[in-house]
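What follows is chain A paired twice: with chain B in the first complex and chain C in the second.
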Partner chain A sequence: MDTGREQAVLTVDGVDALFAALRDQGYRVVGPTLRDQAIVYDDISGAADLPRGWTDEQDGGHYRLTRRDDDALFGYVVGPHSWKQFLHPPRQRLWSARREDGGTEVTAEVTPPGRFAFIGVRACELNAIAIQDRVFLGGPFADPHYQARREDAFFVAVNCGQAGGTCFCASMKTGPKVEAGFDLALTEILDDGGSRFLVEIGSDAGRDVLVSLPKTAATEQDRSVASEIVARTTRSMGREMPDGDIRELLLANLEHSRWDDVAERCLTCGNCTMVCPTCFCTTVEDASDLAGVETSRERRWDSCFTMDFSYIHGGSVRTSARSRYRQWMTHKLATWIDQFGSSGCVGCGRCITWCPVGIDITEEVRAIRGGG
Partner chain B sequence: MAKASRPRLAVWKFASCDGCQLSLLDCEDELLAVADAIDIAYFMEATRGRISGRYDLSLVEGSITTPHDAERIRDIRRISDVVITIGACATSGGIQALRNFADVREYTSIVYARPDYISTLATSTAIADHIRVEFELRGCPINKRQLLEVVSAYLAGRKPVTPAHSVCVECKLRGTVCVMVAHGTPCLGPVTHAGCGALCPSYNRGCYGCFGPMETPNAPALSQHLAELGMEDRAIARLYSTFNADAEPFREERERHGP
Partner chain C sequence: MLQVASPDPMVPQVMRIVTRRKDAPDVFTLRLEPEGDDLPAFAPGQFNMLTAFGVGESAISVSGDPAKGDGIVHTIRTVGAVSRALAGLRKGDTLGLRGPFGVGWPMEALEGKDVVLLAGGIGLAPLRPVIYRLLAERDRFGEVAILYGTRSPGDILYLRELESWRRRLDIDLLVTVDHAADDWHGHVGVVTTLLPRVAFDPENTVALLCGPEIMMRFGVQALGNAGVPDEAIYVSMERNMKCAIGLCGHCQFSPVFICKDGPVFRYDRIRYHLALKEL
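Let's look at the complex of A and B:
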């Protein structure tokens, strides 16, 4: 894999040393780990906390962990969490106020720098973060909370060694090879000797950390094996987004009967939006105490599948499941392009896997396009 | 706040288990603040109260199951400015609404030695079926944080924050792994009203629907999925026949699968 970037090879111990070095530099190290029979993102203290030797089986509305027949550290794809849990957390206080004798004192919430080191970030996820960057930082107003968490984040990316049953990054052109937005990128090479990692340097910060680690030079053979791994992953995508101009297709079919069909199946539960790494919508909730002295305002993840979401004076605008599913899908795949300059979907497959009834966004597009 | 200006609160009980009222006593840390902010004028669980005068806020627990209670709830409405029902019994008839699908006389003749002493209605119904209510708080039992929110909102004159979306949203807010997708455990969360903070899934159990139907439940679609997970019709019917059995979307779904 010749990307023109500097490369080296780490062992499993080298990866462990990488996490320790990041911690020494004051990073909060967050990565994949096992919990409740799933691979979630949480604080990890070393390579031993990674889901070593596990993989995930995914399909519409279906996720199961199974053992691999090797000890791969990154032998799975993305799970129920995404990095937005950390960069754009479910709840964010905005301000609080206190009534004193003569008046009211308002305190704006200040979010301290997150200083996250994210481990095992996949190509689709880096693309999702780039999309949320445009949403939160791209316009005339930067969101200070997102900015504080995002600014000094360190990314240890991973090139996927296999695709999941609901993955379709290849057809969205967002993976599986990580292209940009990382500090270090690993490709896990598995052979009789266990795992070793071809590491690619993506930034000065990445180079600085790597300097102190035990490593060897990358050989020509390492590079070609790594390329073959990514090529194989590209060929094994579980799903595929139909090609062609999807924006045009959806906007020309706003009254298609398929919207009624999906409305029969959709639970309007909102899971798809909650797990989507690019969905960013929030509502605000106010709290006041019993004594009427303190109050605060918090924003929390909302979903275009709730009635409150489209509530304006007199009621909700999108009362039917049809209108809500259509809003979600047309925003994600069509009007997002007008708004932010790219599709809002990176093909991670989460909305398919974590939809309790397995509604599949690629399948819905295919049905609207017709002709199979 | 000066004592004289504190709103007068009453807590009334109808056919119920007392669990929701106890949620108020369960607010140990906040109870003093509650007592500071409102005058708890009638509350059988906590005081030897008197029923006199008017009440600014009446919290009503329990369902209407007797002719006498059907009268009493009207009196309470008359002497209350604001009526808020608390819990599944008051809001949908509770578990005792299972009688609505059976012959009550038959029940009483089996259960009681002298069924002729029993004066009861054929149904267990929600308070809102009898009087106008200002707000209904869900849950079996209610969540104490939500109860405090409703009282705080009442005092501040604002709308309480009690979203009517699915329990799934709460699962995702707390980062809980979905028990249905990841474990194959049947879960009513997608059709159930939020409020508990997704308690059961956080203990690796499916939701039993104790907060009743969410704002736009699609129970038939969920049932079909439960059937695909291997649940039989009878089991599906039973799943909808608990604390909110007579809430319309759950009742209809039970009927589609039940005997």
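Let's look at the complex of A and C:
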């Protein structure tokens, strides 16, 4: 794989040393690990905490872990978690206030730098983070909490060695090869000798860490094997977003009968919005002690599938499931482009896998395009 | 790549209530002064997010005179938890304020034009700063017509002010109510029925509408029938808002965010979306 970037090769021990080096530099190391029969993101202390030798079977409304016949460290795709739970956590205190002597003192909540080192970040996920960067930092008002968590994050990306059953990054042009926004990128090469990792340098911070690790030089052979791995992943996508101008397609079909059809199936549970790595909507909740002296406000994830979401005095704007699914999907694939300059979907497939009834965003687009 | 977000746009500043006036059984007007820093200047049609500490936050338009430097004025109708809590506050009490936010009325577009204001209910409040400006610089505008509809005579806002404006010879001000007892001698009926009663040149008019969405739909239609083109009509939109800075997602109206791209929109730019149900 010749990317013009400098490369080296790490062993499994070398990857372990990478995590230790990051921890020594004061990073909070977070990566994939096994919990409750799913691969989730949490604090990890070494390569031993990774879901080594496991893979995931994914389909519409279906997720199951199975054993691989090798010891791959990164032999699976993405699970129910995404990095947004660290950068844009489900609950965030915004401020607290205290009433005293007839006045009120408001104290802003200050979020300290996150100093995260994220391990095993996939191409779709780097693109999702770039999208949330534009949402939270690109407008006239930036979110200081996101900024503090995001600012000095270190990304150890991974080129996917296989695609999942609901993946469609290739058709969204967001993967499977990581292109930008990482400090180090790994490609796991599996052969009789076990795993080794072709490492690409993406930043000066990445180089500084890598030079301190035990490593060997990358050979021409390593590069070509790694290229073939990415090419194979590209060919094995479980899903595909239809090509063409999807924004125009959806906006021209806001009254299409397919919205009624999907409304018959959609439970408006909001799972898709919770697992989506780009969905950013929030609501706020105020709290108060009994005397009303100490008060505070918290922001928490919200979903456009709830009735409250569009409530204005007198009733909700979007009462039907049809209008709420339409809002979600047209926002993701169409109006997001007007608002933030890119699609809001990176083709990670989470919304398909974690939808209890297996509604498939690519299939819905196909149905609308088909004119049915 | 990262810009500094300071001061935190989600943190309210503390304001003190200097006066509180009851306008109608369920409407009151507060004048607020900052406890600390001065307020940034606001434009007619912009709004603030007001916090009743411990209860929540609501979007409330500025209803005072931008030219007067005597605090920030808000007129609020009691409809639910937050507005009820704000209604319970008295002179000297504190509340939280973030703002001003949004794109307001197109004051430059009014210059040299006949101006028609169509207000329904509490919708008069966000238009009052426009009225102050029109009256203060009366020579810069053509005919000025203010048409205001509300539920009943007891719900009429700013009664004394309206009376003084009504007596002016250089503007038309008409009020109508949905229903009234026999002692009401004014108009009864929806606000659009007042339109034929005032003078304006439809080809040289700009109309500003604020009120319930249904009233604005009919208003736009009536103005269209009178010959005012859609590009000369502006409406102030309402959607649920939790942040007012484009980050909470609630106020999306297809491609736009009502909070930062609006709340005031030129009608032809949202006509297509307004025609769709549940968007």
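Note that the second predicted complex is superposed on the first by the 369 of 372 C-alpha atoms of A that agree within 3 Å, B and C clash if a C-alpha of one lies under 4 Å from a C-alpha of the other, contacts with A are read in each partner's own complex, and residues count from 1 in each chain.
Everything below uses one rule, namely that a residue touches a chain if its C-beta (ideal position, glycine included) is under 8 Å from a C-beta of that chain, and two chains touch if they have at least 3 such contacts.
Since we're looking at a predicted model, the values are computed, not measured.
Asker: According to the stated criteria, A:G292 is in contact with first (chain B), second (chain C), both, or neither; which is it?
Answerer: Both: A:G292 reaches chain B and chain C.
Asker: With the two structures laid over each other on chain A, which partner does A:H313 touch: chain B (first), chain C (second), both, or neither?
Answerer: In the superposition, A:H313 touches chain C alone.
Asker: After the superposition on A, what does A:A48 contact: first (chain B), second (chain C), both or neither?
Answerer: After superposing on A, A:A48 lies clear of both chain B and chain C.
Asker: Just chain B (first), just chain C (second), both, or neither: which does A:T335 touch?
Answerer: After superposing on A, A:T335 lies in contact with chain C but is clear of chain B.
Asker: Is A:W95 touching anything from chain B or chain C once the two structures are fitted on A? First, second, both or neither.
Answerer: In the superposed model, A:W95 contacts chain C only, not chain B.
Asker: Quick check on the superposed pair: does A:T104 touch chain B, chain C, both, or neither? Answer first, second, both or neither.
Answerer: second
Asker: After the superposition on A, what does A:D36 contact: first (chain B), second (chain C), both or neither?
Answerer: In the superposition, A:D36 contacts chain B only.
Asker: Scan A:C266 for contacts with chain B and chain C and give back first, second, both or neither.
Answerer: first
Asker: Common interface residues of chain A with chain B and chain C?
Answerer: In chain A, positions 286-288, 292, 295, 319 sit in both the chain B and chain C interfaces.
Asker: Quick check on the complex: what are the chain A residues that touch chain B?
Answerer: 35-38, 40, 61-64, 80-81, 85, 90-91, 264-271, 274-275, 285-292, 295, 300-301, 303, 305-308, 319, 321, 353-354, 356-358
Asker: Sort out for me which residues of chain C touch chain A in the complex.
Answerer: For chain C paired with chain A, touching residues are 1-14, 35, 51, 53-57, 79-80, 92, 94, 96, 238-240, 242-243, 245-250, 252, 254-257, 260, 276-279.
Asker: Which part of chain B faces chain A closely enough to touch in the complex?
Answerer: 1, 30, 33-34, 36-37, 148-149, 151-153, 155-156, 158, 161, 163-166, 168-169, 172-178, 180-183, 187, 189-191, 204, 215-218, 221-222, 224-225
Asker: Going by the contact rule at the top, pick out the chain A residues touching chain C in the complex.
Answerer: It comes out as residues 94-95, 97, 99, 102-106, 108, 133, 135-137, 139-144, 147, 150-151, 251, 254-255, 280-284, 286-288, 292, 295, 297, 299, 302, 304, 309-313, 317-320, 322-323, 327, 330-331, 335, 338-339.
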